[in-house]
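As structure tokens, here come the structures.
Look at the two complexes coming up: chain A is in both, with chain B in one and chain C in the other.
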Partner chain A sequence: MVKTSRVVRQSDVQQDVGWRSAPYPVVSVDAAGAVRVVNEAALVLFPGAAVGGSMAGTCPGWLVEAHERHTGGTRDRVSGLIGERSFEAHPVGGDDGTVTWWLVEDTDTRLAREALRLERERTAVLGEVSSRLLTSLNPERCMQVAAELAAGHLADAAWVIAPGGRRDFPVARCVRGGDVVHERLAVDPDDVAGLAEALQGFPPVPSRWIEPSSAPGWLVPEEFGEIGSIVVTPLPGHGVPAGALILLRRTEQRAFSEDEEVFARLFAARAGAAMSAARMFAQQVSITETLMRDLLPPKLHQVDGIEFAGRYRPALDTERVGGDFYDVHPAAVTTGAGAVESLAVLGDVCGKGLEAAVLTGKVRTTLQALLPMASDHRRMLELLNNALLDSHDTRFVTVVLASVARVGSEVRLRLTSGGHLPPLVVRTTGEVQEVPAHGTLIGVLPEIEATTAEVVLAPGETCLLYTDGITEAMGGPLGGEMFGEERLHAVLASCAGMPADAVAEHVHMVASQWIGGGSHDDIAVLAITAPRGRHLTAVGGHGRGA
Partner chain B sequence: MSSPHQLTCTLAIVDAHTARIVVSGEIVFDSGDRLLGVVADLLADHPVRRLRLDCGEVTFCDSYGLGTLLAVHRRLDAVGGVLHLENRPAALDRLLRRTNTYNHLTRSVEPEREHQLDS
Partner chain C sequence: MTTTTRETLDARTCAQRLWEAVVVGDEHAARDVVLTASGEGLDTESVLLDVIGAVQRRVGAEWAANRLTVAQEHAATAINERVIATLAGTATFPEPHRGRITVACVDGEWHALPARLLSEVLRLRGFRVDYLGAQVPAPHLITHLHSTGPDAVALSGSIATRLPTAHATITACQAAGVPVLAGGGAFGPDGRYARLLGADFWAPDARSAADRLTEAPLPRPRGTHQPIDDLPHLGDQEYTMVSRTSGQLVKAAYSALEARFPELASYSESQRHHTAQDLAHIVDFLAASLYIDDDALFLGFLAWTTDILGARGVPARFLPPALDVLAAELRDFPRAKRVLARAHELSTRTLGVEGPDHDHGPAA
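The block that comes next holds the complex of A and B.
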């Protein structure tokens, strides 16, 4: 007893007394593998360890091996698991071959490292998600990419379901490693708990777990195996629901952790934003196309042998519509004498871009509705004026009406201006005349005036209607100079005898060259040309040049 | 060429009911709203019933500029005021005559209203 206590005292003397209660587990083992000292903290980890007992069987295998290696000369620090916790063991060698192992727990560091790695991976995935989704403004493509990425990073299989018709939804589905299938699916969203709400988008619903056994047959991909877990996550869009994401995992994979669910929501937010942006873009394109169809200048043809040709260039080259317009309404009225009159209209709505284009549309529609009155230009303009009078703004339109009729070999025009630039006529001699058609601009003043001028075009002669985008075009060799009416007269003089299309093209081309790269207003020209030669057929039955 | 479409509006209050704005530069699409803004502020801040718009230094007025002048006229009309377009360049007169807004924008004020304003 005395001996024993001496031994214990001896070891106490040998080692620091503070050791016993040191916060780090410490175990001292001699070269033979017998435990010499084990402190309180170490006893918690190795409850079976006792002084004098063997290290093997009481300490974890990795530590025992490290000790053997150490005795053999390899003096590295080692790390390993003890239960759920992980430790680094630092050896301190003694003179007598005894090794004191200090154990430092690194469970938190290891977990933090692991979390950091996961987080980096997820950030990289989200980055990939964003960049891949945002490169496409095609809604279908967005859904495909979302399904593919979800199946690659979040689950074994993924469904992306977009809001659709009543019983018919566009879906994209993908099994990990497989191809994306895009289809329209007639399913009842009520079959899947939470899907109807997620598709509605309101009220906002959280991700929802579904009992795998309750999943409808269509939700399970072929040869998928047993489903372990299913989660339905709404895809939030820009104020509108973009759809729902359904993730499926097989039984062998563990269920979604809390972290993974958060990650799935982050993924859903990005996918939803991209999909709704794509859909809004697609809708806008479709709306714009629809509007454009009515706002774009029409293709012009010959009417009764009379040539009509137009050119149009909007102020903002990125837009296809603007404030200038022209129309030709063939055979608008039949005059008392039985002649058929077409009505050509060219106008300029004050302003640029889409705003002007909308008013342009209104003007063109109103004029079309007033076609039966085309025999009375003044009355037509008065009615148009009444339709456009607006107490809020002073937006106006200037317009030229030209009633065109073929009379024998000639073309007779009745021209009326609503505050517009005077029409020009180029004779076969090259002489250019201004048509004295005057009148009030339309849409501002309660009363308007308008006088109609009559012009007769001999074969090959042209009447040109144009907007101030031509005469006020800024540019020229030095820049900053206005094209002006004189230049227009000169250009037109050089067009004597040309067909309508050539006149319109030439005037448009010269003005465009004048502008160069500079900014400009809308430009519109409309040429009306009396047919050359063909009148001979009508008169004498002889062919051209006979 | 310096910055295009420059428009300067120099405002002077002549007396309790009269203001004068010297407009110089181009009254066009990009600049017209500035003139309208100056007039709107003026009418909001002062009981002006006569606005003399000095156009002597207007280098160009396009159809949008004409729309601006019509809007200024309408603003003054709404408060029972009178617009005078002074020192009009020939090009501006041509635009007013072509669009038949010459009388509307420049006609001499009815004697009665003139009298009221002068008294």
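The block that comes next holds the complex of A and C.
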């Protein structure tokens, strides 16, 4: 720097022709404010400036002031506007009080900085918009968020209108600073120019300005004041129309600039994408719900006083169904003796997850169709076997059938197993018995074998059907140990005299805690309990049981 | 508020009667008590919270004091569940006019009744309620939130070892744009763990939860929240290591204990199983207290276990050596070592015994 200033001082500016045609505007002014030198580039900026003339009046005020300050001793470089352009002025002092002002244009830098600030602001807003729009896959919630954000960042009030039914449309509206209102509104989209097209989505239409005076009454929020501008923007979705965004500004707010329109389009793209994703998700959920309805374990109720209670946990947390299943068909048949028998079924399709669940659906439907012959378990299982052999599915099934009838205060059960684990009975004494119902797997061999066992439950006694997800559960405090039948017997013994719901819950809980955080197979339990007498004291308050 | 006082008195009498019916498994009598109470002018919310809720709390306390088995607790709860269903069938609920609330338990939670009671109270207050109950894996809960778009999730948790799961659930709900109101014993007596885990509100009981939701909707979470911000100490990986190796840890502790505590050899099969289970609980609670970085959680559990062991007639003397053994296994983890040392000191003091070999080096 030292070298440079020496060079400037050495050169005689008045004689330097090259300096006169320097690309930067230069004006040299003496202490009294008289222009001593002005080069060609400076003359373009200050056409009135002349050597010997006064600086004031020919140069911009900010430069004149800076010169005065400089003479007074404050030697800062300054910047200011000349017309639309902006310049930085660098003073270089002469020994005689003359100051040479070098002007460097920074119009582009200034504009770039301004643009950068705006852009950063918008990116931050878009970031917030995206993350808030992405939080919910609920269509209604998504519309609310979009309306709230639009009213916060784009306009004084915003409407988000989704494609609706024939008569009304789901809308979310929000005035800046207020709460979002979501409702269904019976409006005619033709009332607002461009709205019908925007809602249709195709062909793509640009944003459309509408004359505020032509806006229908419903569009103007209460006590909003005079509307200055209204713009209708389509919300582009993923190949499906997501709706339209209507922005309103009051008269005191300036109208939308070109930049703001671009920004509004970016906003609309994000809001539209989020809304259509939410709609697709909602559609998928509703399809899944419908298809899943018959695969989910049923809610069980008392039948004729007999308690039925089930618990179910699929192997995979992300799925709600698996290869285990149970059903209770109330009053399936009337026996020869006139008693009404319900049929309870519990089974296990080999495999897990959705594919196994689909087969449980088939098995459950087949068994339901075979209900009229529920008095003959063996026949039922034979027909189920044939049905499974005929199907393309190579999976097999194990199943227990239990015909349950109430006879006086007792409950009589006929139990038949198709290759399934033997049911257990817990007596009021706490004794646990294995029911001798045996048979072959279903869906493997052309002929099956099955023996039916009969059991009588006294009041408060329970018969438990369960799948191997319980007995083969791996875990325990030391890990890697199988839950096993012995532990199941012990657990069941502690459930003597309890309601079906408590038995099912308790068995399920003990097995789940055995598993801990480990992986497991599908789990299903079904408890059938004979109604207890009104004053039967089944649960003693006498400390830890057996 | 004289009426309130009278109601509370009546509620207390009813609760006593209900307790007597529930504890002998007499569902009919239980139903009668509740229907009579509600028929004689006790308002439904009071029947739910001051009668059924009070009995359920007593069931929990009796179980903790080892006067009820877990199975008996389930039997009592099943009866209370049905009594609630009966009551809900007879009560008149207003048309939903407030908001929509999802009520769920932390996954792995088995005590669903408090959540059930809250659901009914919220329905009485005019909310639309989706009661999901216990055993709801977080993915289902989140799908449910997306498809129903509720105003808040009320999350119930009673077991402190499920706090890491509760944290994951709270974060997931908030990420789906739904605020979380937490309640239940797991979150600490003053709700400190609920705040630590970023819950939007903590309620000490069902009534104050319903009051808060009735007052105004909870503000929506803003989505800038990162779960690790709540718990910066997780960066030391101690929780991760302890919880991931908990099985090996229990096994190692058990065999080391066999060598150090000769009495174990004379234990019966079921006593040995209980001891292994106690060790597993100790490790679970240790992990939970490392997760939230609060020694008090572990020390509180240990004091409780000591009482329970006493009530069960099992000598609690195996605790100090067991803690020693764990400390030796976890010697490279400063936070775990610190809390185990404090626990060791506490348990030797309460038991009035000196650990068999207090100043030994790390055991093999």
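Here, the second predicted complex is superposed on the first by the 274 of 546 C-alpha atoms of A that agree within 3 Å, B and C clash if a C-alpha of one lies under 4 Å from a C-alpha of the other, contacts with A are read in each partner's own complex, and residues count from 1 in each chain.
One rule holds for everything that comes next: a residue touches a chain if its C-beta (ideal position, glycine included) is under 8 Å from a C-beta of that chain, and two chains touch if they have at least 3 such contacts.
Everything numeric here is computed off the predicted structure, so don't read it as measured data.
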Exercise. Touching A:Asp30, do we find chain B (first), chain C (second), both, or neither?
Worked result: neither
Exercise. Can A:Glu68 be said to touch chain B (first), chain C (second), both, or neither?
Worked result: neither
For this session: Determine, for the superposed model, which of the two partners chain B and chain C contacts more residues of chain A.
Result: C
For this session: In the overlay, answer first, second, both or neither for which of chain B and chain C A:Cys495 touches.
Result: second
Problem set entry | Which of chain B and chain C A:Asp376 touches, first, second, both or neither | neither
For this session: Quick one: classify A:Gly479 as touching chain B (first), chain C (second), both or neither.
Result: both
Problem set entry | Contacts of A:Asp304 with chain B and chain C, given as first, second, both or neither | neither
Exercise. Which partner does A:Leu137 reach: the first (chain B), the second (chain C), both, or neither?
Worked result: second
For this session: Quick one: classify A:Glu105 as touching chain B (first), chain C (second), both or neither.
Result: neither
Problem set entry | Contacts of A:Glu505 with chain B and chain C, given as first, second, both or neither | second
For this session: Jot down the residues of chain A that show up as touching in both complexes, chain B in one and chain C in the other.
Result: 479-480
Problem set entry | Contact footprint of chain B on chain A as seen in their complex | 348, 350-352, 393-396, 398, 419-422, 438-441, 444-445, 448-449, 468, 472, 474, 479-480, 482, 519, 521
Problem set entry | Sites on chain C touched by chain A in the complex | 23-29, 62, 66-72, 74-79, 81-82, 108, 110, 135, 137-140, 143, 145-149, 175-177, 221-224, 247-248, 250-251, 254, 273, 276-277, 279-280, 312
For this session: Write out the stretch or stretches of chain B touching chain A in their complex.
Result: 1, 4, 29, 60, 62-64, 66-68, 70-71, 74, 98-101, 104
Seminar exercise, completed: Per the touch rule, the chain A residues reaching chain C in their complex are 131-132, 135-138, 140-141, 145, 278, 281-282, 285-286, 313, 317-318, 320, 476-480, 491, 494-495, 497-499, 501-503, 505-506, 509, 512, 516, 532, 534-541, 543-545
